[in-house]
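Next, two complexes with chain A in common: one pairs it with chain B, the other with chain C.
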Partner chain A sequence: MAGYEIGDGLIAVGAGLAVGLAGIGAGLGEKDVGAAAVGAITEDMSLFGKCIVLIVLPETIVIFGLVIAFMLLFVGIS
Partner chain B sequence: MFGRSKKTGNYAYTVAKVKAKKASLLGDDAYAKMLMMSLPEISRFIGESGYQKEMAELAGRTEGIDLIEHATYRNMAEVFSSILQSTQGELRDMVSAYLTKWDIWNLKVILRGKTYGVDIESMKEDLVPAGRLDASALDKLLSLENDKEIIAEFERIKHVEIPPEVVNAYKAAGHLRNIEDYLDKLYYKRLLISIVPSSRPKRLFQEFIRREIDTINLETILILKMEGIRGEEVMEFFIDGGKQIDKKLATQLANAESISAAANDLAQLDFYEDIKEALDAETKSLKDLVAGMKKYHIRQAKKFSHLYPLSVIPILDFMIHKNIEVDNIRIIARGIESGIDREMIKGLLVI
Partner chain C sequence: MLLPESMSRIVIVGNKSRLDEATDALYSLKVIHLIDHTVGTDEGFSIGAPRPYSEKASERLLSLRAVEKELSIDPAKTELDAPSSAKDVRAKISANSVEAIGEEVFRVLDRKSGIVQKITEEKAKKDTLTLLETIPVDLDLYAGYGSLAVLTGSVRDDPTQALAGIEAECFVSADKKMAAVFVRKAKRDDALRILTDFEYTEMSVPEGKGAVKDNIAQADSRLAALNAELDAVRKELDALKGKHAADIVALDEELSISTEKGELPLRIATSEHSFIIDAWVPTAKVTATVSGMEEKMGGNIFVEVQEDRSRSLHDVEHAEPRFKETPTKMNNGPYVKNFEYPVKLLSAPKYQELDPSIILSIFFPLFFGLMVGDIGYAIPFIILGAFGLKTAKSKDFRAIAMILFFGGLWAFIFGFFFFGEMFGMHFTGEGAPGLLTTLASDKMVSWESIFSLNFPDWFVNIFPNHGHGVSKVNDVTFLLQVSIYIGIVHILTGFAIGFYNAKIQHGMREAFFEKGGWIITFVGLVMFAWALAQGMIFGKDLMAGLPLYILLTGVVLMVIGISVSIKKEGAQAILELPGLFGNILSYARLTAIGMSKAGMAMAFNYISIVLIGAGLGGIMGIIIGLLMFCFLHLVIWVLAIISAGLHALRLQYVEMMSKFYVGGGKEYEPLEIKRKNTKIVETEV
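Right, the complex of A and B next:
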């Protein structure tokens, strides 16, 4: 396409990988944390609040991926 | 990668569940309180803790010590069964294999009961339907007339065969020792065969079971030695498969003149420190020795469950703690009912 160089395309692929791989990693982490949280909550409902905090902790990894993707797309590689 | 829990097991879910259950077990202070109570107060106390459902269900049918004993075992069976229900894959296989010991326990209770003419209701109080034999299978065993039929039915359900020489030896001796020993050995033999150490969780499980065999073997050897029994007679009770105590060491220990003479051999073992005091010639006591071994077993389970949090060990750790809690409640209730000195009851508890 006119106006775009191959480098721009590679940056877009990099941004996609940063978000996608971080999402997969977070998903794998959340899988076990979520299962453990459900196990604990079934026994003791008072643990619900603490479990929710623990479940969302792996989600931070996706935010790192998202930040990298934004930096790639909008700040660029200098 | 994504569907691995179905094959290997849902460790995170089950371990979190048992950890939450473990947090609600009775603590040291609860036992101290119970020691100060009368039997009806103990019933009320445990009825307000984790045994509420069973105490309420059985309160109409039994009372006093019978109610406590029946409710505690029923609760333990339900807790263990619920854990088994929530497991998957190879974790389920491991938990199920471990729980088979309650099938052996139930058969022993029924055989003992039938031998000594105990009524069915009293036998039911001591049954723990946590293994593969459910309540209906146990009812069928209870309804059978004699030990021959019971053994035949058990063999049929569990696909085991008790050799005729064991049954004949039991008949000749008139007591159940031979069959009970055979069943204990068979349980550990089958358990070890069923664990193929192909993955890390299975290797851990195998190591834990082998250590458990060590504690049982040493306990047997030392108890018999304290009673003055030595040599071949002791080795009849030896269970193969231990981690530290092999047949050679066990024979050395069994043949030693006295416990003090075996001290050098014992000193090589991991758990020597835990039982050293109980073995001391001055204060030598069977009660302390058994308590020492039990405490070692608990500590071992606790250590392993901290080292390997996502394995089968935290589940076994909980099961051991739950079993000890139930035993402690029953010891307190039985002791108080019989009017035993409270300090003596306290000494019998494993805390």
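Right, the complex of A and C next:
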């Protein structure tokens, strides 16, 4: 793997952490909402649409992480 | 077309003696959305009583439903090939056909439950006998003594030793868990006391003669006979089901209709001699409704239009509570109609707001297609969608098929003309020709290179990006920009609809403060973010030239927009800014999903190509490689439905519809009889 420097590796690690940690966070958030939403849907099927909206709300956090990762990997912070 | 259909409120007044005819007329028009009468709103009027025929009909329906349950017939899921004539069915009802069927079925059912009970008893007896089987005492010896008491039951251990002191004779079963103790009646209590230490539980012994073993054999043969009898009864029930099923579903439908019609007076106002019905009718159908009612009732009815409901909420404020809510009749063409389903999943739109189905019908398949963006996955989607549209009858499945079909079309267009990709590989690329050399060359694997093809120039020129197509993995920065721009357009559409809704509900001034402020803020935010991106990401000088002007304009617009919005929403408006920024960034998923799929496809292709091309296992390697290729791409394809579908939907719900959609409207439900298993024959009156 000639031509790579430690800095490149650190950028890759940073990008991984950005996505991974954001993913864990979103997962923790979604866990609670999801459980509650399943309960609500069992009671009343017509709530399905509203529950989808609530379940996917924490998901945006991962996208933030992903954008940061993209910026690190492809745009490069000089 | 964008707004739900315009509604008018009418009032129908008539003579109570002709209520049945009026009911039939109301149902036959199929446009009347009844407004339930509220007690106390009109002096001298009260809620009507059900029609006399309805009570009998509901009674019959109840007993028919019981029969349906026993015979497991589900009228909702049954569709007769030849619907019976409604007139015949009515004749059958008057001839007490429901009662006759009920009697016939329940007679057999009674027999069945009798047999089932006997079987239970016989089984219990057999179980007891089995416990006593190894005790060497005949069955008739357990009872019938003048001076002897017999204690039979389960014990923990053999009690013979302990009982030796009281002159008792004890027999135990082979496993020492059952004991039969014969003792003088006077000593019975003593024996019981001793047995208590052995956790004795008394058991009643069935009557009978001879050895227990013989009795078990007899019970077995009786059980066999009973089971045969049960089978016969079951067959009889099946025969009954076959004989009556068609009649039962037709009777059920006809009775449900008369019950519904008969209970109509419970929703309207009646006085001693007259009735009043308030109802909503689509404005376009008002004339036809008035003339239709008058024609059917021979002029013996009075229909008057009360109001044509406008979209302004100010009109609603002064209306009577029961007239406040106007039903929503979504007004869409055959294509957009299928996208009403995802809107209704959230809730039906209000009468006073734009129906977002049409916006969804444009953006939903587009986003889906952009995220899939590969003709290898697009073609199965198109086929599956077309098949679904052709065969599916349920509304839910039709909506899903529609999304798959049009999403697939978009995926094909993007996959071919934008990405130039099939199963995660570009058609053309720089890789060296040949299956293996391609892998070794460390360049982009493409269909052209692995099969050593040479596509003609005109074909190569179709693809953008110098004849390669945009790469989901390498051109991420460009794709991200595209997604963000799409997002900006999408969110602006949402705000524009919000502005329009506010305008028709409250007027221009209110709309400006409610949504106009946000539109200005949003545009400002976009300019601000663009300028910042130029400076921070693309390394341009932020303090000079175009970026500076845009940055300043953006800040000014944001300040203006926020100060407009503050009037309506207070200081909270400032806190909404980061959320708005998040909304825009959220569209990055359009790229992210496509990229994740491309990444998976790349890895899977690598696995299969190594297996096939490197000849790792000769002919077996090729077969396994091809199977792996199919299976792994199937995995991606299935994931595409879930991830691309859900994310495309989410972008509509959360990012766009939250900018304007209120929902919670009441759906327009006209009085209408839907016949499935009965039909009205022309000659009937």
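Keep this in mind: the second predicted complex is superposed on the first by the 78 of 78 C-alpha atoms of A that agree within 3 Å, B and C clash if a C-alpha of one lies under 4 Å from a C-alpha of the other, contacts with A are read in each partner's own complex, and residues count from 1 in each chain.
The rule we apply is simple: contacts are C-beta pairs under 8 Å (C-beta built on N, C-alpha and C of every residue); 3 or more make two chains touch, one makes a residue touch a chain.
Remember, predicted model here, so these are calculated numbers, not experimental data.
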item	value
Partner chain in contact with A:V13 - chain B first, chain C second, else both or neither	neither
Partner chain(s) touched by A:G49 [first = chain B, second = chain C, both, neither]	second
Which partner, chain B or chain C, touches more chain A residues	C
Which superposed partner A:V67 touches (first chain B, second chain C, both, neither)	second
Which superposed partner A:V38 touches (first chain B, second chain C, both, neither)	first
First (chain B), second (chain C), both or neither touched by A:L21	neither
In the complex, chain A residues that touch chain B	28, 31-33, 35-40, 42-44, 47
Chain A-facing residues of chain B, complex	1-2, 5, 10, 12-17, 19-21, 23-24, 86, 310
In the complex with chain A, residue positions of chain C that touch it	342, 344-347, 476-477, 480, 537-539, 582, 585-586, 588-589, 592, 646, 649-650, 653-654, 658
Residues of chain A that touch chain C when the two form their complex	46, 48-50, 52-53, 56-57, 59-60, 63-64, 66-67, 70-71, 73-75, 78
